[in-house]
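Have a look at the structure that comes next, please.
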Amino acid sequence: MTSVTLRNLQKTYDNATEPAVKDLNLEIKAGELVALLGPSGCGKTTTLKMVAGLHDVTEGEVLFNGVAVNNIKPEKREVVMVYQNYLLFPYMNVEDNIGFGLRMRKVPKAEIADRVGKMLKLVQLEGFEKRKPSQLSGGQKQRIALARALIIRPKILLLDEPLSNLDAHLRDEMREMILNIHREFGLTTIFVTHDQEEAVLLADRIALMFDGVLQQYSPPKEFYEKPRTKRIASFFGNHNRLYGVLQGTVVHTAIGDFATEQVGIPDGSKVCLVIRPQSVLLEHSGANCIKAVINRIIYMGTYIRYRITVDGNEWDIMGDPHPLAGYEEGKEACFTLPKDKIWLIPETLETQETPERI
Amino acid sequence: MNMKKVLIVMLLLVVTMGGTLWAAAQQEAQAPFEARYKTMTWDQIVAEASGQKVYHYMWGGSDTINNWVSGFYANRLKTKYNITLEMVPVTGPQVYINKTLGEKQAGKDTGGAVDLVWINGENFKTMRQGDLLFGPYADKLPNTKYVNMDAKAIAYDFGYPVDGYESPYGAAQMVMIYDSAKTANPPKTVAALLAWIKANPGKFTYPALPDFSGSAFIRHLFYYANGGTDGLMGAFDEKKYQEVAAKFFPMLQELEPYLWREGKTYPESLPKLNDLFANGEVYFNFNYGPGDAAAKIKSGQFPATVRTFVFDEGTIANSNYLAIPYNSSSKAAAMVAANEMLDPEVQYSMAVERNSWPLIVNVGKLPAEWQTKINSINMGPAVLSGAELSNHTLPEMMADWLVRIEKDWTKLVLQQ
Amino acid sequence: MKKFSILIMLAPALAVIILLFLGGLLLGLLQSVNYMPIIGLNDFSLNAYASIFSDSQFLGSLALTLGISIVTTLLTIVFSIVTALALRQTFLGKRLVNFLYQFPITIPHLVIAIGIMLLYSQSGFFSRIATNLGFISTQSEFPILVYDDLGIGIVLVYLWKQIPFVGLIVLSILQSSGNDFEELAHSLGANKWQTFRHVLLPLIIPGILPASIICFAFVFGSYEVPFLLGKPYPAVLSVLAYRLYEDTDLSARPEAMAIAVFIAVFVSILVLVYKKVIKNVSGRAD
Amino acid sequence: MSEIQKQQAPRKQVNIIRNIVLLGIVLGVLLPMLPQLIWSITHRWYFPDLIPSEWSARSWEYIVNPNTRVIRAFLNSLVIASAVTVIGIVIGVPAGKALGMYKFKLKWLVELIILAPAIVPSLAATMGIQVIFIRIGLADTMLGVILVHLIPTLPYMIVTLSGVFANYDPEFEEQARSLGANRAKTFFLITLPAVFPGIVTGSMFAFLISWGQYILTILVGGGRIITLPILLFSFTGSGDNSIASALSIVFVLPAIIILIVTSKFLSGKSSGMGGFGSI
């Protein structure tokens, strides 16, 4: 079991002016399954390759179990990477592909055959030994690539966009397999993805990166409920905003005051109040209430979406799929923001970021 | 894809091709020149030549000669007779012989590619025997009056009767070439040269036969092996050949270890030997043109200290000729061009501009004005005087001998 | 309709190649067996073949031609891989070196033949340098690299032309997939040599084999360079064939044609064998 | 610290090897092209001098002298190579498209036939066909020379283009047509730009193969069609290094221009160089 620590990690490519990864600090516990999440070009794959030792580190350190591994060659790190496009060696059959790492370690042939057999069983592809990669489906290729990585019993498993090349139904199957394998082997696993849903479904913790900078590192739930910035909030989907100033536990806004339970933000801070559409209640409970005209009502099957305008911002609100009396298009209605569901983002934090893109 | 356009372009292409074929198929309606020229006056021939184009195939490896033929000579023909002369530079005579031969084989008896060639020796004999030459025409050329047409070295080309199927153009005589800065006293007999070669291993070679000059050099050794030219001047004689060969080839084989690169290889042409000589890798060179060394000094290929000599027992002399292929389409113009080559002014220019020496014309037969002019030419220290050359000439063997010597040389010397 | 339009699209190309090329080969074949009534050859005979195969000059030429072609092809493969591996990395002046590397593709053989002669002959530039440095005292001591027994000068010219041609193909293979496969192999525990041996080489070799075959065939049948830089004896097959074709004795022509036909058949068989082997080995039948 | 040094040592070594290879490339490419530059302005340069003892412009005077027809040979070469290239494009584009985009019966045979001249030397075929060319009057003509030059050039043109067409998506054309472009507009605005890099590479091959051709030109042109290689050959045989060098410099000029123009097309994936992998 190996923990991974990234300390002040920085990477600047030879022909680039801007670093691809900036001053990254990350603690990954032994046996943890962590997602590196972010839009393309955010530096997540670069980070993965620095952990693997495939890219040199410009500054900072990669530590395994507290020991720096910067100068250890990739083939000696016992870290193995599985690529998005599987990269099965086209001129080798399945058996040879899986056994590759063992052959490189000069493991006896009999043992290789034995371990390859076990691996094929693990990935449920027994009998495929002699197939060529060109005769395999995408999901099968992915499983072979996984088997090829696992057979060398790595300390750390790195997955680069493991599900992105698969069809929707294969994706579920594969996700199950990754989770099962992770559970069974207890491997420290880092995977890269641009899909927040995938990250949420798989990871113990998510490291979200924008433009080479780590934005937030926490369990998936917190990204929904406690995003550190508006941009993070946007990245994790639909949310509603309202701006105001915090006084004690109350946010003063142009349309009224809202109580919150959040602590730690200095008095008098300008804040952005954030709340998820499903957290807004369709009821009038006196406190934390908004009165607004319903612009549109859209029936979505499992729920009904209400669209209102709050202090110039468009809000979406999710309600039960049963129409509610008094909540009709063009009429004014009441919406309650439960104070434990309100999350405040201090406006100062936004200034260190690049302009917001949604 | 725009199929129509492609089709149209293809169609145009086919039409162009077809047009060319059709044009080529259109033969001249007039009676062929070869049926009429014998009864024509020279003026009529000159008149017919006007406007014709002559493709003159010749060896194209000398900038001075190329320049002279395409410049002075071609310009003169253009202004004087309205004849366009196109020099076609080739690597050797086999190009145009084979070309004419191929045309004959393919049945192209008119409109051949070649109109005028620079030729002599076995090549002439090959073309003559293959019925590839037009003629006899030489007696129709007015300027042959300046030449001793009856002299054996002119009336017989390598012992083969010319019979008017080629007209003389230049005289040639083998001269040995050396660098006076490296060899103060060159060996002036064949025997002395052979001794010198053995005393200075690696410093002598000759171009691989059938190179023209290499073959000429070897023939001097053949004469030497025979002890002179006795018995070699007639038609090929197998018994005589075997007798001389029995001495000749062992002599060459014995010489091989002392040659450049121990005789394992030979420069494949005279220019390669020139290069070796110019760079001091070998100390001797030779050339059929007594003025050639001077030309190479001028162009910088040879050092200024280069000199020439002839063997005391003499060196082989012969003549260069022009000939007209049987299927030339510009025979009249080719005749005019061949005649113009013997014009005193042209001969003078050849000596001065391209170091062609000695001249084929008998200077004594020329108008007095040109006699003085030609006699006053100073060819420089690298060129022997006309008298020195003419006092040391040896005759050529008939081509049959050459062919046999070359064939056996390849077998017994080169491939050993 | 579609069939028809495909035929039209192919027709011009096929017409040119079938008429000129295959037709030419057929005519050559007919002339080699002395049968072409249109030019007065009526006596079918295989004498030309009998005579070339019993001729030591032909056999010597064949050996020389094969030697030059094989050595050139093998060295081209080795050096194209070595140079492509070096060029793949980033370094100062990469653009310039890349540009230079493409140079030989466009430069005609003749020019380089002259350059090689001026550099490597015994009176050439390197010989002069060696003399001036005192390594040798006369030019005869300089190794014979041009007009030599082994065709070294000829090989040098072809290497100059072909290494970048094949090298660019290697480079494109390396750039399209080589990097990822290489990283993967490292992460699976292969060291540099193992990665090269088990990953890059198997990726490169099938990719450049076709180009190498073209190179081999080109060298085997080309005329210009061996004519300029070769010895008169033995000469490579194409020079020998053309020399016989040019012979003023027309009876040598069937032999010239026989050699030409031999070259064509030999190269064709080679390519067919290659295709067969490729099919069996890699299964990438196409 | 010591570990860092240990790790950097082999990398340095690799760099040294790489730099040696790079130096080899630079010298290897440039050296055989330099002697001509010096020789072309040399008057006397004997062994073992490292620099000529006398200089002269003789060779260049020879080149520009209209009598020597170097310039005309240059123009002849240019006309022939350009014609071969244009005809090559006209024939090659449809054939390349057919081979690159469609599957049809006997495709393997068509491919084999088209590739054959790239593998089997053209000398054999040209020697065979010469006698027919003489008979039908194509010998000694420009057209004849252009036709035989097509033999070795077409395979390269077609292979390059079929490689490009294989990567070409015909749905772009459909899209353009559905957006209102007519056939011609579709061809010029969609098809042509997409296959342009392939046409450039193919043209480059065609032009250069024709440009460097000696033996086919002499066989069919019979010397009457004088191109630069023919002049160059008669001088390399004559040992006049100065003129041979000057001629070879003239000979190489278009190649350098072509390289500068096409360089960016050569290395890219779109170049169709990959087409050679399909043989």
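Labels A, B, C and D are assigned to the chains in the order they are written; within every chain, residues are numbered from 1.
Operating definition for what follows: a residue touches a chain if its C-beta (ideal position, glycine included) is under 8 Å from a C-beta of that chain, and two chains touch if they have at least 3 such contacts.
In this text the structure is predicted, and so the values were computed from the model without any measurement.
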| item | value |
| --- | --- |
| Farthest chain (mean CA position) relative to chain C | A |
| Geometric centre: closest chain by C-alpha means | D |
| Pair joined by more contacting C-beta pairs (C-D or B-C) | C-D |
| Averaged-CA centre spacing for the pair chain D and chain C, given as whole angstrom | 15 |
| Chain centre separation in whole Å, for chain D relative to chain B (CA means) | 37 |
| Computed distance of Cα centres, chain D from chain A, in Å | 53 |
| Residue list for chain D, restricted to those that touch at least two other chains | 47, 90-91, 94, 97, 131-132, 135, 147, 233, 241 |
| Residues within chain B bordering two or more other chains | 1, 3, 6, 10, 95, 105-107, 272, 275, 279-281 |
| Per-residue multi-chain contacts in chain C, two or more chains | 8-9, 12, 39, 123, 139, 245 |
| Partner chain C, residues of chain B touching it in the complex | 1, 3, 6-7, 10, 94-95, 97-98, 101, 105-107, 123, 126, 202, 208, 260-261, 264-268, 272, 275-276, 279-281, 410, 414-415 |
| Chain B contact footprint on chain D (complex, rising order) | 42-44, 46-47, 54, 56, 58, 62, 65, 67-69, 87, 90-91, 93-94, 97, 130-132, 134-141, 143, 147, 183-184, 187, 191, 218, 222-224, 226, 230-231, 233-235, 237-243 |
| In the complex, chain C residues that touch chain D | 2-3, 6, 8-10, 12-14, 16-18, 20-31, 36, 38-39, 82-83, 85-87, 89, 91, 97-119, 123-125, 127-129, 131-132, 139, 160, 164, 168-169, 171-172, 176, 207, 210-211, 213-214, 217-218, 220-224, 228, 238, 241-242, 245, 256-257, 260-261, 263-264, 267-268, 271, 286 |
| List of chain C residues in touch with chain A within their complex | 90, 177, 180-181, 183-191, 194, 198-199, 202-203, 206, 282-283 |
| In the complex, chain A residues that touch chain C | 14-15, 49, 52-54, 73-81, 83, 85, 87, 89-92, 100-101, 103-105, 132, 148-149, 152, 158 |
